[in-house]
């Protein structure tokens, strides 16, 4: 059994980690910390867990995280970077669901996240935990930077095109849409039901933190910088990411075959038959990414549609997928739930 | 392994049965029929099942249902009653998720359902499959009438009060609210998103088919007829039933203790601590019924709040619970999923 | 022209007052105050008003409210009671959309609202602004206590029954449902889209502040105290109140005729034909209350369905209706919009 | 007064036309036809109109449309083309809200709409009723082809860029999102609340009927063909279009100034301040189009955000705007409602 600790489990990523870990056959949750909710039974906060977990939130100062085999950080940005070094030295593996270790260029990170990095030397060591690209590196890692929700859907969507070298890398467009849970479980006006329901808007068009993360990932695959326009939108739904990706084709290729071949051995990437459109509910509550490939009017623009559940493949599920890899368990163990539809 | 057949699996009850049965460790789904969709791969219709089920819908005339150990009817009302007798004679057990066998008084059934009953002699044999009341009879049954969604939430809510004989049976009120999936996967204007979203209304106040079913169930427990006012409402959500029940207390009783005691051994009924209010999402995707008990201002009106997922405990999940009982499996096998929240 | 001031216009009641007043032919909005947003153009906060209002929010200390003919308080509870006396002395009329002057028994008010009342002597003078009951008193008033959203829908629903003296006053039940805007434009977790959407729950069953307000109103009509059980619920929609009311009939009466007669001269109360069910969207954005009357199975329980838009007839629209009465304008002036459907 | 007839008023476009026309000071609605609902009072179907309209739906065969000054077709595609000629000959003006007269190339129309055109000779005469481009031609017209919902939002968004000749016309991208009312008031499974709620998907990526309409409009402005990739998506909201437009800039230009200048005299196009993001609810129920202009990271990709209410500026409101122009009324008459927010 893997002894797991969770730091900061009071957000949506936290409750989703708990839902999945509670059912995982090889995990024992040892501790879950929250400064604000210390002492509160977890199942009082997250009523879906009543009867399934007995833990209370612990004070971060008192939790014995260094006795764990693995610690997940489900915290705001800037927390994991302060505690990771001590944990690694104690022999604990770390998966950070926040952004602290995602960007290799520390100056870029500091610009977009507006703070000084507390342990830049660990940034180089951290493995970016997108298993469909970095599976082997994850296997060897002590520290995994779990990807962001948009970056997962966008990178998995663009990946075969870029690996194949068949698109104009200077003009990639990612028009992305997210459910409201992507904004977290924070008391804010703009995500109130009365504000976000029956409404649709773009946000962050001048610049969003996931832009440098995606650009870095795509550039790594391409072997050179890419030009990406990234526009996120807020959808009046709870869970789900839909990325609509546009790229100019520079060669004639059977796109459908390309995608099917690339992902044929991936348990969590499903390439739909030609002509289909994935919908977010077809992955709700699951660790799947479903992708469809289009080339409208047989023109030279490829249109890729990629959907995930932002809390699962975009966060907690992918973190557990990384855990399974780290601990040499079957990659689908405990995260093979069938999506909930309707 | 139990060899299972499903008749009529193209509705929401059907897809939910499939989601749960596919994951059930003791079930092999042999056939699923649909007159309209015969030949279509199930996973083409229900994209959440892609990669998890290889079956196609079969023509009802060609499906070998009598080779199954158990057949679920997930059909409109009036179908099961035409096919059940032959199946029982072939030694197949039957669980009907529709209403054909729920009402013992055939004349009452015919009045509310507007058709003649095709096999009234089987109505008497059928066991009403609310395990929290009829577990032992279910164990012996060949034919189980799976309860309706409202009746499940309402009966579980009223049950302890009526068993204890402490309320005025002439003036029970059930103000109930259902998500839109309760209306089924049928092309109708009134349940379109543009009609049902951002809206709330009552319906069927002059009379709803679940009224005689609930009245029968409560009368069975009370040992005499009850006076029930039943008002259903349509909620702009996908899944969930919320029953708000009112009864006039005729004695002083510790209601909280009464409910906790009544349900202490029930795996799927969760009595919340005093003062709490259950929410439908706390049971989303699960077979749970969560109940809270109130006595506002210490007056003589008991207010009981009871929530379920109409597609699980109100339909497919309860049907599998009944299957587990019929086949002497652990009652929670395969239906112990943690609710999806948020 | 009526010179109008608004205190505290940054909530949903505020924006709705502005939407309606901007279009009112006899109103000039002189000032709108907000401590937190002073200096901000109103149309920057409420983008629906771009191009329709030039005002900025003023600092409350600098707004010349006593130069107005009328001041609306669209503030949290406890603010109006501190400023009303000075305004009245300056000859300004006041309509309070909060609860400060709604409850005549100051001790009861202080218990439910958890604060000491700042000007109990004005409570007696204040007129409860439900025009369908108190139209004549409103006409004479200096200070109007605008009713709460639930109290408007519930009182208009029960009124004919109680005036007619045909129901058991000891066992009235109001099962009420509200859209999320009723909770206000406040950053809180429980009303986030990811929490309140695709969900349904009751709240405040042990006690809600609208209970004493409704009880007072009904008792005034009845001439004696009433026994009311009041259970509010939160609906995943933006606007709308649906009250489902239950009363035990003590006499045989033609309920449909009773309601039609009672409201035949009321511009804003619409009694539906027998057998119908009102829906909240049929009043969305309008000052209407639509009511349907049922007597299921011809039993002795009357079921009344009453719907309003909580921000219009339940708040801003009714306040303007009261203004029209106070200033001897046609009662429907400026608030005669047709509901938005779908 | 303008005597108006409406053909086919039982859809969402119909009820929205009625809501607006009932309040229009210069309009008298003489007749509204529906084959299916003949004899039914309009307000029984559309309960928001109770008390505001006395008409019943007429049988199309008996309606005296040729006595009207103007007839609106709010019908499915293919109806108006059969009746328009007779009406024009009787001196009646016609505004078609369907697509029969939008596409000048009849062969293209027949390919996309799958039927033979009944009166190709009138196609040339018809004026495409986007007043911000064709106001003068509309003024002279007998027959107005009212634009589609997506085409309105997309063309108004791209227009200044194309008029200015500063973008690569071969690679325009319109990623568009629509509320569910855009699919009409038709009983279909895919737009049920239980299907479309809490979900997001693209559709019609291989080809959508609005593609040739938009391409034609943009080509007219450009003076040559354009290359457009058009991807529509379905949003779980009732009303609203959000177009996110991408174009490669070929010159350096102050985009904000360009847009503000282009639309400075347009009553219904609102260019937001730099850096803002329009939201669909900011135009809900109104005839406005709000536009924001971005140039992320000062790169060479322009990102234009354009929102409308698909039933108003995208259909009924624009039709009335065209009517006002045709009959030399102030262009904003009767369609100057303030958006409903929240």
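Letters A, B, C and D mark the chains in the order given here, with residues in each chain numbered from 1 onward.
Methods note: a contact is a pair of C-beta atoms (placed from the backbone, for glycine too) under 8 Å apart; a residue touches a chain by one contact, two chains touch by 3 or more.
It should be emphasised that the depicted structure is a prediction, and the values quoted were computed from it without experimental measurement.
Omitting chain B while holding the rest fixed, one finds the remaining chains still held together by touching in one piece.
Of all the chains, the one whose CA centre sits at the greatest distance from that of chain C is A. Chain A and chain D have centres, each the mean of its CA atoms, that are 39 Å apart.
Per-chain CA centroids place chain A at a distance of 45 Å from chain C.
Between the CA-based centres of chain A and chain B the separation comes to 37 Å, rounded to the whole angstrom.
Multi-chain contact residues of chain D (touching two or more other chains): 12, 179, 181, 185, 194-195, 197-198, 236-239, 278-279, 281, 284, 342.
Remark: chain B residues 12, 179-181, 183, 185-189, 191-198, 236-238 touch chain D in the complex. Against chain A, the residues of chain B that register as touching in their complex are 12, 15, 19, 22-23, 46-52, 181, 185, 197-198, 238-239, 270, 272, 278-279, 281-286, 290, 337-342. Only residues 171, 173, 175, 177, 179, 194-195, 197-203, 205-207, 227, 229-231, 233, 235-240, 242, 244, 246, 248, 275, 277-281, 284, 292, 294, 296-297, 299, 301, 303, 305, 307, 342 of chain A touch chain D when the two sit together in their complex.
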